[in-house]
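Below are two complexes that have chain A in common, paired first with chain B and then with chain C.
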Partner chain A sequence: MGLELAPYQAPSGFLLPSIHSWSAFYTYQPNPRTFLTQSQDWTSLLLAYARFRRLWLLALSDADAAAAGLGEGGKGTEWAEALHNPRLRPPRTISRKILLLVIEQLIASDRAIPDPPKQTSSVVLCWRSVPEWAGVLHEWALKTGQTNTILTLFEISNPAVESELSGMPEVLLRRAIAVLARTGKAQVIEGGEGGGVRFFP
Partner chain B sequence: MGAAQSGPKITAQDRAVLDLKIQRDKVRQYQKRIEVVLDAEKRVAKESLAAGRKDRALIALRRRKYQEQLLVKTDQQLETLESLVSSVEFSLVQKDVMFGLQQGNSVLKEMHKEMSLEQVERLMEDTAEAVAYQREVDEMLMSSMTVEEEEAVQRELQQLQVEQLGMPAVPETVPVGQLPEVPTTEPEHMVPETGKVQETQPEGRVALEA
Partner chain C sequence: MHRLGGAGIGGLQRQTQASQAYKPLSSAISRSQVDGLQQQLSTFREALTRFAKEHRNDIRRDPEFRQQFQRMCAAIGVDPLAGPRKGGWWAELIGYGDWTYELAIQIVEICVNTRDMNGGLIELGEVLRVVRRLRALGGENESEAVSEEDIVRSVHTLSVLGAGYQVVTVGSRKMLRSVPQELDTDQAAVLEVAQEAGGQVNEGALVLRKKWTPERARTALDNMLMRDGLCWIDDQAEEGIVYWVPSVMLWADE
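Let's look at the complex of A and B:
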């Protein structure tokens, strides 16, 4: 093995864990116990990376895109640093099999929401859990004085002033609002299109 | 949904605000789309120019100009929508303020009803009686005091006043050599002067302090 197992600072500034420099990390481990650790490492790596770069979507095809090293602006390249390691000899990319299993595991543990629903090849990642997002959302509404007024979902995920919620996918936003609605901190107003929400202090 | 939801009822105004905001969001999205097209046209113009096709670059730039005009128009629309949204929201706030004022007013009226003039007068009479009684007690206490005791009380009051003014703090810190002039002259003048003033004042007040 030519490379030492050490954390590696990716060009984006993200510190990849040492296991990322280990060839076997990229191929499916048939031993169930080994695979358990492997998939756990992958889930935590993916969530941490998504959080670091504020990535919301993860698709099965991102693995291929990362391997193909699509050029600037190509879709899927934002995941390349995490899913692909060009410094290994030969370069390695996460196998589709692992990525599929990892995505399924993320969905099972409520850290990912299938979008569109009922499939497992494209998900919205919850690098904050849905209840955590609900807290952030409520905090934001309080801080910006937007309680008791009607807000559209678009307005929340595309605020005039950049916020933690900027760019948040609607699926995730709706889930977070549902959590708040259950405790009486928000009220959903179904409109003809889009719909809105009202927060309460 | 719906059944488990609490909170105020969704009124027609709420729906109106929501509809307005959705319209506004649509305009915003439309603007985003135009901005993407603007960038694309500029890129096309640059590429065409680089490839030596001036006519194509010109067409692209013309299209870009047209889209820019659209953007300006939508900006105006957006402004109208947003001002409408904020005036609706402001009048909702005004409505709340009105409601608050109304409530405050009715509470105030009720309070006034409870505080009828007769009751107040009776209360004031009671208070006056209590004051008179207190004065009597004061006078009795005063008369039971000898002249020396009264003087002692006055002295104590004097001392307290001097302390409050921060006078003793100075002699404590100043070196002994500089002391004599200040303390000997001032207190002697002050005691009799203020003592006279105190004597002319109603005696009841002083006795209260003791």
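Let's look at the complex of A and C:
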């Protein structure tokens, strides 16, 4: 066995860091100093991967799904490249304990929003911070000439022309709108069907 | 029987007279020796200075040349970093001291940044790889290459800090230790076994290879895991619990 660990380009095109090819990365490290670096590496890997593939949701069950190698198109498989390494002998999968602690850290650092609220086994990932998303949202409204009209949340996350906001989960969208509302760049309009929002230049 | 200086008072007086007569002579000799030495030294310094000035760029750029220069200085008992001024004799001549200190700072950064991951032990080849990558990012060209000898020399300048930076040989490799604790013989043995097995080691391997008792192997591995942070645990291997040593791996990240 060689001693050199190299980055690996996954089939999706994402470049996995060399530590992903190291067997011990997948077991929870009981030494707190060691775990500090391990959890940091997992956190940045998961955020980078989510951003690369535009994945919004991460759940504790994704680790099991990755290990079980669920079929194409299944919800578990889109995370498989990151959470699992089939090239190691035997293949390794991120332990549930690491994933749980990493998700908790992501929530604590405003990089994930529990969805549904008040639990930590399923989250929406903020691979851009909420304030960053607010900026993207406002710019999109200006560029597409949709200021001063009322838009539903569905219209924003399912625009006719594909945008950076396409597919954005409602909980994240609402937080970004709230940031804009605080600075007078948007107004939330309560109403049926989830309500709407009006953007100001 | 002939006695040197003779016996009795007369003999003692003769001895005193003789040694007094020798005194001026001996001080004259040593004076001329010192003068000669000083002249030699100044000639030598002139030559070395001329050499250093002429080859200033080679010394800075070419690791091979730098090593030869270092060897030459060592052979004649001159430390290019020593001297009355900060940075030594050569600092103002060729910027050699600054260069070494800059490298030392870079090495400290690498050690501090990776300490949680590897427990403060890192292979010299890995340090060299990261230094070269950092310098490439900084836009320095390849002619400013750094060699392993340069790393060792820079680490030596760090020893005055007393922070425990030291190059140690483990098995067949040179490693840089950046924590004050000494490596004990059991730790060194574990590292050696890991080096030969692609970076992994377990209780069974130590019992087999080092003829240790299982208790000794368990204690050594547990200390390295929990106390020192020198290895990581892996519970997904076929053979049960396995320990991996990050410091013997080369991490080829960009």
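Note that in this section the second predicted complex is superposed on the first by the 197 of 201 C-alpha atoms of A that agree within 3 Å, B and C clash if a C-alpha of one lies under 4 Å from a C-alpha of the other, contacts with A are read in each partner's own complex, and residues count from 1 in each chain.
Note that a contact is a pair of C-beta atoms (placed from the backbone, for glycine too) under 8 Å apart; a residue touches a chain by one contact, two chains touch by 3 or more.
Quick caveat: nothing in here was measured; it's all calculated off a predicted structure.
Novice: Contacts for A:60 in the overlay, against chain B (first) and chain C (second): which applies, first, second, both or neither?
Specialist: Neither: A:60 stays clear of chain B and chain C.
Novice: For A:171, select first, second, both or neither according to whether it touches chain B, chain C, the two together, or no partner.
Specialist: neither
Novice: Determine, under the contact definition given at the top, whether A:182 touches first (chain B), second (chain C), both, or neither.
Specialist: In the superposition, A:182 contacts chain B only.
Novice: Once the structures are superposed on A, label A:150 by its partner contacts, choosing first (chain B), second (chain C), both or neither.
Specialist: first
Novice: Return first, second, both or neither, reflecting whether A:68 touches chain B, chain C, both chains, or no partner chain.
Specialist: A:68 contacts neither chain B nor chain C.
Novice: Given the touch rule stated above, what does A:194 touch, chain B (first), chain C (second), both, or neither?
Specialist: In the superposed model, A:194 contacts chain B only, not chain C.
Novice: Counting residues of chain A touched by each partner, does chain B or chain C come out ahead?
Specialist: C
Novice: Taking the superposition as given, does A:6 touch the first partner, chain B, the second, chain C, both, or neither?
Specialist: After superposition on chain A, A:6 lies in contact with chain C alone.
Novice: Taking the contacts chain A makes with chain B in one complex and with chain C in the other, which residues are shared?
Specialist: none
Novice: Give the list of chain A residues in touch with chain B in this complex.
Specialist: Those in contact with chain B are residues 149-152, 154-155, 158, 181-182, 184, 187-196, 198, 200.
Novice: Hey, which residues of chain A end up touching chain C in the complex?
Specialist: 1-7, 17-19, 22-27, 29-31, 33-34, 36-38, 89-90, 92-93, 95
Novice: Would you tell me which residues of chain C are touching chain A in their complex?
Specialist: It is residues 116-117, 119, 195, 197-200, 225-226, 229, 232-238, 242-244, 246, 248-254 of chain C that touch chain A.
Novice: Along chain B, where are the residues that touch chain A in the complex?
Specialist: Its residues touching chain A are 1, 4-8, 10, 14-15, 17-19, 21-22, 25, 28-29, 89.
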